[in-house]
Amino acid sequence: MTIPAPTRTPTGSTVLDLVLRFRALGLLLALAVLVGATASVNARFLSGQSVRDLLFAAAVTVLLACGMTTVVLTRGIDLSVGSTLGLAAYLTADAMSGGVPVPLAVLIGLLVGLACGAANGAIVHFGKVPPLVATLGTLYVFRGIVYFTAGGSRVNASDLPGGFLDFGNGTLLGVPYLFLIAAAVLAVVALFLRDYRSGRDLYALGSNPEAAALAGIPAGRRLMTAYALSGTLAGLGGVLYAARFGTVDASAGYGMELDIVAAVVVGGVAIFGGSGTVLGAALGALLLTVIDNALPVLSIPPFWQQAIVGALILAAIALDRLVALRAARALRKKGSHVG
Amino acid sequence: MSDRAPADAAPLWSALRRFASWDAVIIAATALFLVVAASTVEHFGTARNAGHIIVDLAPVLLLALVMTLIVATGEIDLSVASTVGLTGAAMGWMWNHGIALETIMPLTVLLGALLGAVNGLFITGFGLPSLAVTIGTLALYRGLAYVVLGDTAVADWPRDFTGWTLGTIGDTGVPNIVVPLIALALVVGLVLHCTPIGRAVYAAGANPVAAAYSGIAVGRLKCWLYVASGAMAGLVGVFWTLRYSSARADNAYGLELTVVAVVLLGGVSIFGGKGRLPGVLAAVVLLTALQNALRLAHVSTETLTVVTGALLIAAVLAPNLLTAAGDALRSRRRRAAASL
Amino acid sequence: GGTTRGDDEGDGPTGTGGTANPDAEYRTGLSFAMLPKQVNNPYFEASSTGAETVAAELGGEYEFTGPSDASASSQVSYIDTLSQQATDVILLSANDPNALCSSLDQARSGGSVVVTFDSDVDPACRDLFVSQVDSAEVGLALLEMTAEQIDGTGEIAVLSATANATNQNAWIDVMRAELESNPSYADMELVEVVYGDDEDEKSFSETQGLLQAHPDLRAIVSPTTVGIAAAARYLSGSEYQGQVALTGLGTPNQMREFVKDGTVTEFALWDPTALGELAAYTGAAAASGIITGAEGEVFTAGDLGEYTVGADGVVTLGPPTRFNAENIDDFDF
Amino acid sequence: MSEAVPVVALRDVEKSFGAVRALRGAGLELHAGEAHALVGENGAGKSTLIKILAGLYRPDAGAIEIDGEPVDLHDPSAAIAAGIAVIYQEPALFGDLTVAENLFIGRQPRGRLGRIDRAAMDRDATALFERLGVLLEPDRPAKGLSIADQQLVEIAKAISLDARVLVMDEPTAALTSREVERLFDVVRALRAKGTAILFISHRFDEVEALCQRVTVMRDGAHVSTDPMGEVTVDELIRRMVGRELAAMFPRGEAAPGEVVLDVEGLASAERCRDVSFQVRAGEIVALAGLVGAGRSEVVQAVFGVAPREAGRVRVLGRDLPSGNPRAAMRAGVALVPEDRRQQGLLLDLSVMRNATLVRRGRLARFGFLTGAAEQREAAEWTGRLQAKYGRLTDPVATLSGGNQQKIVLAKWLATGPRLLIVDEPTRGIDVATKAEVHRLLSDLAADGVAVLMVSSELLEVLGMADRTLVMREGRLAGELPRADATEEAVMRLATGQTAEAR
């Protein structure tokens, strides 16, 4: 029996890169078209103030989308982000209005987020509760806690330190501080997920949990990291929310979770884990924010706006799917092993 | 394996565990709760209150029926509440245009089915994840509801019809709505547990590839389930509109999470392939009755929110912990026995 | 065949029946329950304080209960509960004018007095409505304040609460009608109505959208406390501060800062605590047989003074108070 | 040899799953530089023993020793740290990660600031694959690899760990002789370097070719350990099954009847082209070829689970529509797929539900299923195939690999097919059962069923087939009648060296 010597055909496959780049490209393209179209109707859309407003609005969504992405990559989901944000925002603002120094109050917000995230992680990992169930539960629980602590009271802008509010509304060279923070977080998380072993472990966990166990990947630690990160970023989001809006009551962040999930999905992160990037998710978040902001500018009647957002979400995921299908076909054509 | 050690308590344990399926646990818990609440909470045990509970739980129960099937196939439908809103709005629009209510009602259910078909086509036709698609249609359908009715409410529904939704069968004190509820629950229950279709539903949820290799048209099956879900949402749209005599774009806002919550609480696995309808029905009753009892006991809304969430987590956590504890106990016993 | 619109004429207002005894005393030991649109809302907390004081004064029991989401269906469940508990007086701010009717009917047939305040239901379904102000009066006041601030010319826009909010829609309708008919407003144009859903964030971004969509906008009218605060916060941090006028309905505590920094010149509101008080007195009066809800009946609402029941069983608190730099420090709510 | 301290020793290990006692006093010693075979029937406990060694399960009793010291392998990373690398029976890859990352997950080469050095990783992967003689691109995603390629990646991964102990649980079940040969070369090199090797296989030729020592297990217990040369295969089989074995390939003379399956010009998704053949009643036709030759694709396109791009498929003279397995089933076709976990079974559902899934419509009375009929049917067919399981209501996932395969067979045999397509029907099945399956196929053929069999095991192909169709790169390379079918002839067609050789 003769064994033909394998000859390796030099292919240098970059299909994967291409797909990833193309996906981001698609989002960028959609963004550009939307911005261009809106600006051509109403030039004010590109004015400094308007762009600033957009970045302000995007900052919190981008932050939360980063956290959500890390969780979704592990085949999880964090529906409690809105409630966590509300809790952190209220406790931070309340602490500040009670005279706690700003840095300490900010720390409180982050710790609250961390605690919420850790609770989610523990329920998911140690309790073996499916993430959707666990975080749907904590969505209610955390929101209930906000109701308990806040009741009908509200922290008004006048109760907060001026410096904190100035920071919330301040800009550096025209870019809001809040957005800079979000961008920095995005860069760090992106680097972590792409270039660090523990980041890759998250992809592995989401891609095939059983195989991850066999490969000795510490699932518990990684899951806790992902959920804690999501929680902490929601906490940070809460702090930024307080700084930006000044007024915080028990409803802060109510119903935000589905927007964030939508952003992540539009950004090309597979809802069943294992693939996607935070950059995509951030672009998804940005796209949805731009849509939200552009529709009123385009003088779309308010009753139509929500419908259009829904239709665009559908279009985005359908497009993404088409791209993925083409990529898969390309892969199949390349074959693998025919010697 | 014929020669089992007689001292091994494992068969007893696993028999017990098999008997004490989640279904049984949640049904028992519900029954226990009803008994305890009736004897401790003032006004809870009255026939009138039972009527209130039943009318209150109707929409969630109806939506949960089909949602159970959908979740059992490993999918989800987050757009149900928006579909209720849109079909209700459409109903109001038709009423405003002078169409007879007898015509409107079937048309509304049909519209629901169409909206469900849109979900189904996106999910099975394009192969998109249902969570993502139905988040999209959640926004789309609610938005369209506003497009249809705007900020107006249609409220001049004929009393014969609105009265029926709240009325009782003769003087029995049993709400009219009980009849269709039981009928639909029976139909869905039988289909899920006693027909080839039900087997196919579980198969599609447990392993869609293997199901396809077994000749099950998984895509078609799921698509029909979404149609059914939409039609049911249309039916709930009719019920909701008549029961509150008000067709508004924001009808049933946010109800989807409650429906998902009861389905999960009822022991249906979010990954598909597992779960039974009786558990879900018990979960619907438990949640509604619990909320009712807490209200009657002057407990604040906050507590209600927390309890709902905690219950949901506990429902899945408890059996897991029990199994883990049982396993630990057994292996300790075995280790001890082996070291003798 | 078939049942079409108009086949079924609703019954007229039922009224409480019976006759009023203007000289009767307020009954003691009444049970009061206030059911706001949603709990955890500072506005209703203030009303609740007022009602609670009255309840205590009259030696009654008091409960503040309700859903955490502002939906009619959740309110129905709460009404059912209250009617089971045979609460004497239900003070209700309705999320929907029609959806609550059947439950309210049940409650009333069980002997409860239903007084709506802030936001009414179909008059047939309640005994009395305590209106914060007359709808027409609010609409006119809003328009008047706006006109003063922009010299009666230019584009104006409305930032409302939810699209279905009964009050807001009524006021906006009054404004629309007045803009068309009143020659002194001929140069003003209402270009758009947007909805912030009484959510801070949404109102905030809707304000942004308005300003971008309408470069020539002169004024924003926000007839809701959440909306005006959000809009004020946006304006105060933007380049539009001082360029675009903002007025509407807001609470002094929330708006003080913006009046001081010049973002807002003048806005209006009634005192929600007083509204709560009046609602409680009205309910107690009806439960004590002092009034029945018929037009022209008179009762005394403690320190608030004497009130007369108007047409359709409406009791009106009084004209809205206008707040500006001169008087704002005199108020704390 | 036995005086040296074993690298790894398992002593008197016990393990139960609920009521099932998978291991009762199993033991094993592995020595440096020695390949040790572990054989036993399906469900004997081989995989369970390995999973204990891998740190996946903790034993209920017994000890694990490394270099004579007792250790506690509480999780897989502990086993990896102890120098134990495992190739599992079922490949488990990360579909979304690249092939290279699959190899090095958790230990990727790092560059500056601890960042992963992708270029280095791809280089290492390429080097590994060259060693194994495999053509796989390191930077393609693992998704879409055939089961054989997946197995090869698993092998490369385990080898790259440079472990002291290499455990292989049926690594060759999905491979053809070419890859097996390559694998063995590499394993022999490792063995020469002093690695201790544990090899599980149901193929005795492989065991003989690779191993120096062989341990037999039965019903979770250790039966014997001997140097390879000192026992015969027949003796091993007798110890495994506890009785003499019937003939392996019980094939009588075939008397082919009418044409049951007629395939003309079949093409599907670039993986097979222009395939035409016929299968007659009472005949067993084998599809042979190298891994990835497109055999599975052909049968999947025939059955309708893979889309057909061109060509026609006729069963008993009736055209089958494309992409419609239900129509195929109605026409009397059954397909036992190659990947039982992905395509064959609902792992979380019970044995009963799996066994009766395709018959659910027939078992219903007035449209309703009560459970009794399903139970009867399931008990009958799993019994006929002697599948070993606890209860009919146990999830299939708890069965051993071979017994899972029997459930898939039972599920399809119950439909009483006119045309039975089996794709790797005996993958992972022990000798005794394999003989059983072979007899079953023969009996079915004798009863007039047309059988189309895809197999990577040449012996099976040669022993069972009345005709052998050989595929190469998606096309039919030739057809061999039983008389001409020899190992050389098949391989020549499969590798495309016909012209040169002649």
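Letters are used for the chains, namely A, B, C and D, taken in the order the chains are written, and counting of residues starts over at 1 for each.
Just so we're on the same page, contacts are C-beta pairs under 8 Å (C-beta built on N, C-alpha and C of every residue); 3 or more make two chains touch, one makes a residue touch a chain.
What you are looking at is a predicted structure, and each value in this text was computed from that prediction instead of being measured.
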Reference chain A; chain at largest CA-centroid distance: D
Of A-B and B-C, pair with higher C-beta contact tally: A-B
Rounded Å distance between chain B and chain C, as computed from the means of their C-alpha atoms: 37
Rounded Å distance between chain C and chain D, as computed from the means of their C-alpha atoms: 74
Approximate Å spacing (C-alpha centroids) for the pair chain A, chain B: 29
Inter-centroid spacing, chain D versus chain B (mean Cα positions, whole Å): 42
Touching two or more other chains - residue numbers and ranges from chain A: 147, 270, 302-303
Residues within chain C bordering two or more other chains: 39, 68, 163, 195
Complete list of chain pairs which touch one another: A-B, A-C, A-D, B-C, B-D
Complex contact set, residues of chain D against chain A: 54-56, 75-80, 86, 88, 92-98, 101, 105-108, 110, 114-116, 126, 130, 133-137, 139-141, 143-146, 148-149, 152, 177-178, 181-182, 269-271, 290-292, 473, 487-488, 491, 495, 497
Partner chain C, residues of chain A touching it in the complex: 42, 44-45, 47, 49-50, 53, 57, 147, 150-154, 156-158, 169, 245-247, 249-252, 254, 292-293, 295-299, 302-303
Chain B residues within the chain A interface of the complex: 78, 122, 126-129, 131-133, 135-144, 146-147, 150-151, 254, 257, 260-261, 264, 269-271, 300-313, 316-317, 320-321
Residues of chain B that touch chain C when the two form their complex: 42-43, 46, 48-49, 52, 56, 95-96, 98-103, 146, 150-153, 155-156, 158-163, 166, 240, 244-246, 248-254, 291-292, 295-296, 298, 300-302, 305
Partner chain D, residues of chain A touching it in the complex: 1-9, 11, 13-16, 191, 195-197, 200-201, 203-204, 206-208, 210-218, 270, 273-275, 328, 331-339
